[in-house]
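Once you've had a glance at the structure underneath, I'll fire off some questions.
To keep things simple, chains are lettered A, B, C, D, E and F as they appear, and every chain counts its residues starting from 1.
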Amino acid sequence: MKTMVTLGEILIELNAVTSGPLRHVNYFEKHVAGSEANYCVAFVRLGNNCVYIGRVGRDEFGHNAIEWLRGKGVNVDHVKFDDNPTGIFFVQRDYPVPLHSESIYYRKGSAGSRLSPEDVDENLVRGGDLVHSTGITLAISSSARDSVFKAFSLNGNRSFDTNIRLKLWTPEEARTTIMKLLKDYPVKYLITDVDDSRILVGESDPDRASAILREYAEVVVMKQGPKGASLYHDGGKYFSPGYSVPVEDVTGAGDALGGTFLSLVMSGFSMEKALDYAIVSSTLNVMIRGDQENLPGLSEIEAFLKEMDKK
Amino acid sequence: MKTMVTLGEILIELNAVTSGPLRHVNYFEKHVAGSEANYCVAFVRLGNNCVYIGRVGRDEFGHNAIEWLRGKGVNVDHVKFDDNPTGIFFVQRDYPVPLHSESIYYRKGSAGSRLSPEDVDENLVRGGDLVHSTGITLAISSSARDSVFKAFSLNGNRSFDTNIRLKLWTPEEARTTIMKLLKDYPVKYLITDVDDSRILVGESDPDRASAILREYAEVVVMKQGPKGASLYHDGGKYFSPGYSVPVEDVTGAGDALGGTFLSLVMSGFSMEKALDYAIVSSTLNVMIRGDQENLPGLSEIEAFLKEMDKK
Amino acid sequence: MKTMVTLGEILIELNAVTSGPLRHVNYFEKHVAGSEANYCVAFVRLGNNCVYIGRVGRDEFGHNAIEWLRGKGVNVDHVKFDDNPTGIFFVQRDYPVPLHSESIYYRKGSAGSRLSPEDVDENLVRGGDLVHSTGITLAISSSARDSVFKAFSLNGNRSFDTNIRLKLWTPEEARTTIMKLLKDYPVKYLITDVDDSRILVGESDPDRASAILREYAEVVVMKQGPKGASLYHDGGKYFSPGYSVPVEDVTGAGDALGGTFLSLVMSGFSMEKALDYAIVSSTLNVMIRGDQENLPGLSEIEAFLKEMDKK
Amino acid sequence: MKTMVTLGEILIELNAVTSGPLRHVNYFEKHVAGSEANYCVAFVRLGNNCVYIGRVGRDEFGHNAIEWLRGKGVNVDHVKFDDNPTGIFFVQRDYPVPLHSESIYYRKGSAGSRLSPEDVDENLVRGGDLVHSTGITLAISSSARDSVFKAFSLNGNRSFDTNIRLKLWTPEEARTTIMKLLKDYPVKYLITDVDDSRILVGESDPDRASAILREYAEVVVMKQGPKGASLYHDGGKYFSPGYSVPVEDVTGAGDALGGTFLSLVMSGFSMEKALDYAIVSSTLNVMIRGDQENLPGLSEIEAFLKEMDKK
Amino acid sequence: MKTMVTLGEILIELNAVTSGPLRHVNYFEKHVAGSEANYCVAFVRLGNNCVYIGRVGRDEFGHNAIEWLRGKGVNVDHVKFDDNPTGIFFVQRDYPVPLHSESIYYRKGSAGSRLSPEDVDENLVRGGDLVHSTGITLAISSSARDSVFKAFSLNGNRSFDTNIRLKLWTPEEARTTIMKLLKDYPVKYLITDVDDSRILVGESDPDRASAILREYAEVVVMKQGPKGASLYHDGGKYFSPGYSVPVEDVTGAGDALGGTFLSLVMSGFSMEKALDYAIVSSTLNVMIRGDQENLPGLSEIEAFLKEMDKK
Amino acid sequence: MKTMVTLGEILIELNAVTSGPLRHVNYFEKHVAGSEANYCVAFVRLGNNCVYIGRVGRDEFGHNAIEWLRGKGVNVDHVKFDDNPTGIFFVQRDYPVPLHSESIYYRKGSAGSRLSPEDVDENLVRGGDLVHSTGITLAISSSARDSVFKAFSLNGNRSFDTNIRLKLWTPEEARTTIMKLLKDYPVKYLITDVDDSRILVGESDPDRASAILREYAEVVVMKQGPKGASLYHDGGKYFSPGYSVPVEDVTGAGDALGGTFLSLVMSGFSMEKALDYAIVSSTLNVMIRGDQENLPGLSEIEAFLKEMDKK
């Protein structure tokens, strides 16, 4: 079993029970989310370990997050309780764009944003087989950003998902910070998509963007929404197509893909096969509300693929 | 800002929470509806004013309707309270025809059907930039029908949606009454569809039906369900295609289209662009239960179209 | 097994899922109700037969009513389908009076109100061990009223629940009609309460009202809400106290009491014991939404009483 | 009206309100199900009679099943109450395979599995126009299996749905038992699908499998999931294509098809037309949770087909 | 009709659908709330006008608040849209203290807290018959606090509810600020309770606390939870007892009492009668989730009292 | 921190969303339950450790149980996965006895009932500060019963809750088995109630029953339902009264009491104070559906008691 060390903010998600503008949504459904937490659960679901570094509030939502993740097998022994509130967000679905979701954050000054370099236990990070974070952690606060830089300085086996959220910072800030991170600490696995690539390297063509990004990454996984995802590494390019399914909420689908991919690769799968399997994770993920409930184990992925083969 | 004066019945909609025959539906969700009210809210959502002429019951549902519409910005100062009950209807979804909805009315003798010519304030109607009603108001009672004739006699800027409901009258009654209205008071904007055209002018081909109907209307908008809608006026024909989205309930989609179209045209949009935008309104409308909750403003329509452009 | 023949209107009940004014209730729960139908199900639940005479709409709600009652064991072979809609009503709970419920009817011109003397099969009524109806059936239409008079003329074993609903007629109309029925056709069992007694005989004291009413009835059951109920017959007076339980909806509690009482008396229970048991039925009835779902059988009533004995 | 006599187990279905793995499903919706019960209700819905032979528990779920089926018009006078519990199952939807459902049974030792030859009333079975059962009844217990053999020995007008459930027996057991039944008692109507055919005759090509199976059956209906179904009989082959609709739960769709087909054929429809209509039943069936709520009558099927013709 | 001018923050309330610790609550129900908004709606419900001064976010929740209040008849023309998010709070019910509720705020830096003296239109405030605010507005920000001081300096007809929320400030801060306000600007109506009195004047005995507070207020209304409330003014003391009803959520009950009391007094009711009626408002208020949905009009209060008289 | 080792069956609870007979309950809410699991969570909630010995199915419900308990901090490392299904039960509430609940089990042959002496790790049990089980574990199978006997033979610090469930065994079987266990292995803490005492020692008077039972137990806790509970030990008798609160579901209240009592006593609280606190746990427990969600920590219990002191 391999161990991934992850830095980020765990959030409580309030997902609209009915779609449309939130002003007319009467009921919300609670889930545990946060990109890095999603990665962790996906990673653990495929048979490896994940250690979480971060903070939650000393409140009901903070305990909610910890109990849920511990239940899913994530190592939360290093998560700290902080006096600030646990960050939350609401999900508005299918409005104004059908099949898209919008996040409305209440996370400014949250416990999670207080993640700070002192939380980054050096031995813990050095002992991991992989250290992972995302653009969100870079964006939420300077102390959180510094924490990622510190962690990346401690372990050369790095993974990064660009995950640019324009409600948290400007494209300019995103580009400057992420590119600095990648320059200072080139990664093994870079997970990104065409929209983020346009912001980072001014290029949204998957092939051309990846060519540029591969200067900073051994492996680039380029997500392309429902179409599928491409993989670029020394062994060449590989495209894995998506599956067409009814969409309930796309939030977290990219994390499902990334976490599954990393875990399987760490377990020794070929990257191509890992991506095919990861596409299944993200496919199942969009069929429900909630980011972690539908994350599949190996046998579920294989059951899915076996059924698709029949057709 | 332009002002539309509207005559009709506001209804309370009880929409089936689960689809299938109503005998097996256990829960119903309440919404404010009624074709003309839907038009009004769509019209207001796009930045213009709408004055409503009609009656609701002096009961909880009547207050419900008034508070909701006032909240949405509709001018309800001229709605009267009547001793009869507020009309209601149930929506049965996906049965027996998938993706179709059926309305079961409890509106006979309702407050709304007591709309009468004395409710039609002459100065109010004369002062409007547009006076609007539908075939439903013609059908619900003779006094309501007379009210429409009176209002149409007072203001030459008229709009009419044929909206033939065969649970309210026979095809013969519908044809006679609507065609008399159109002959007596030709309209600027006629919104209709192929089924209604067959009843009214014996022709369901969009082009041929519109050619006949344009004798009574400067502009004909011919709705064609999920396929889209066509526009006919002196400037020629224009077809705007629909978008394929998951359907929850189609009730009110035509009103969304009509109200959005009229409001944008009144605001100075070209009719072609107004129709393209109106199609977005009706597309969003079918994705939820309720007729007015998903009616978009300008920025929402543009966000939708921008996303579609990407694809 | 004894057979009761019942005349009345089966209604579909839309009960507010949350309490408060209906304008703010978003969800409604569907049930089958109607006073005489409630009586029938209670009667059958205690081991006897009930034949229903009435009409429902040729619509989903009508089929709903028939399938439900047939499922509960009521004989619905004589219920006719009518072209008018099945009557419905909404229940508003706890507002403006806590623990009280208000019925909002949509039953004017309903199928059920078309009950007519021609529906009253003479042999069927004559063959019953008891013929039963209520003040509601007298109020809904003249043809329904005539049907009750006809049925009561055919069989001397009569039961009547006054059930005056002031939304259906005036106190004056109620008094005139009910007292005429009782004078023409004195009953064996009269079920009433103090409010109805005040209207009928100008007296709301249970003892004094019953003394007057016993001129028209061998047995008077005087309901007194949560306090309990009194029984008056040649054998003297008997009071059975109520039980204090959390109240969800009181609608139908009186019918539960009446139907249980009649069925047990017909089965040979002493009237005093039958009333004690009937109080249990009405107690369970107020704990849920819906009028018929909680109607208990004999073993449930005895389990209830055994538990109360412990205390 | 024709009468079908059916043997099997009525189950209570607990269907997941949200899709995904059951560990994360918080709410379940209760329905009455069981393949043979589904057949019965479909059969009755199309205007014929169905007599059910089987057992339910002397518990709330058992009464639930009886009241529901009696309400739907099924003859349940011959269903026995048994001291064992009514069998139940949970439905997990869309996981791990989108648009598929998985049944999790709690039926071992259930009341329904105690069906025994003594329950099979000889005159009742002989008097039926058709005697029907499925592979499930063969699998649940030896006494249930013997009951089917006994019933099939009593009446030559037999119908059988293979319905192999690999959670109840092995492929080997299924093949041995079903083929013995078919050899001993060739049937008039055999309803099956390609997966079951592979197990039974080692052939999943519809044409070739049917050719083999027709040695034991006058008519073979070969279900092919959403694609449609084929019919094979002396009059040749006929294929009826499926309709593409949003899928909520596929459980029971095959029974809807089979029950509708048999009822219409018994009513004198051509088998080809019966199959076309049966496809409508199964199409409506997958759009909701619950196996019997959406079963259509003749007028609903025709409304569906009329609407499809328009397109 | 009298006009009250109110300053404060409108909040979106997310009320737990099930009681217990929020970590185990899966669904939340959305309502519009905020103490001053509650006051406004109660005030309007009793037939007077209320003008709201405050800010909401330029987001869905902000529009939600505005549309709802406008629908209820509150004058929201002076509410400004602000770039910060609309404040929200969660309600945890019955845990750890039965029948109590706890508010968990996400309102730091909210749009509402940006209320500033520049928002306080001098003519508007001067023109009101009463200017009202609460301790909450004093606590949320210094600019909001200054706004209250400014408004109170402009109009001598002042009303104030102490409403100390210890999650927003310390007892020391609350005492200092509120007492300064009352010293600088003595009020006509002071609404408070025993807990707040202990903090403000070190005295929780209703009589003694009111004696001290009356130095700063012509009238003191001392709320005492479910027990009722006392009134102190030159005319003496009056105690109005509470009613015992099932409690769903006590949030907002004090505002219901205060708003109803003020509106009726402004309409010319005696203060004693106004308090009796106000107790009804707060009684109905605790029976539901949501702070404004159950606010009664005059006829509802009288129906409540009439029923209580019967008992 | 002290460690309790517990043996028993973890169950999935399907609690009726609406009260009344299950035949009319349409929705069920899922929870993790089982008496010993409830004890464990209560024990952990108060700051100590609990190790669980038992089996769950290799199915979704089994994973559900493990993830939930792990999340709550229970040590589930010794729980085994078994090929049989995870046991479940349904909860029927308020029928036929108000405020009571009835459990309907589907646990015969369940994974949990396969608990066997080989699962009882000797070092684990010897290392615990307390070993605990209940009468339920004795009743579910002979191997489970033997496991309890084995565990009790390994560690003298024993605790036992009689928890007699008459759906699992006869009074005679219960008495014989439990009394043999207590004779062979006298316990430190015996938790029981008056109904169980009547079965075990023919005495339901708390004092007299406890006097007899104290021959087998240093400490007897005698639960008396909503009235409270009594404590008997060498230090004398102590009675702690219950609190009157609205009851949603009483299932699990006794376990809440027992687990809280044991944990606090192990932490060094006086038994009297521990019982007072334990009463708070059981009080909160009856206010919700679910057995473990409302289990309070120390600060919650103290907040509850502080509020009660005010009154």
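Quick note on the criterion: a contact is a pair of C-beta atoms (placed from the backbone, for glycine too) under 8 Å apart; a residue touches a chain by one contact, two chains touch by 3 or more.
Keep in mind it's a predicted model, so treat the numbers as computed, not measured.
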item: Contact distance in steps, from chain A to chain D; value: 1
item: Centroid comparison with chain E (C-alpha atoms), farthest chain; value: D
item: Most remote chain, CA-based centroid, reference being chain A; value: C
item: Listed pair (B-C, A-F or A-D) duplicating the A-B contact set, over half by residue number; value: A-D
item: Where chain C and chain F are represented by their mean Cα positions, the distance between them in whole Å; value: 45
item: Centroid spacing, where centroids are CA-atom means, of chain C and chain D in whole angstrom; value: 41
item: Chain D and chain E, separation of their C-alpha mean positions in angstrom; value: 61
item: Overlap residues in chain E, where contacts from two or more other chains coincide; value: 21, 24, 26, 67, 246
item: Topology of the chain contact graph, where touching chains are joined (line, ring, star, complete, other); value: other
item: Listing of all chain pairs that touch each other, if any do; value: A-B, A-D, A-E, A-F, B-C, B-D, B-E, C-D, C-E, C-F, D-F, E-F
item: Interfacial residue positions of chain F with respect to chain E in the complex; value: 243, 245-246, 248, 283-284, 287-290, 293-294, 296, 299-301, 303-304, 307
item: Contacting residues of chain A [partner chain E, same complex]; value: 14, 17, 21-30, 59-61, 63-64, 67, 85, 88, 92, 104, 106, 108-109
item: Sites on chain F touched by chain A in the complex; value: 67-73
item: Chain D to chain A touching residues, read off their complex; value: 18-21, 24, 94-100, 246-247
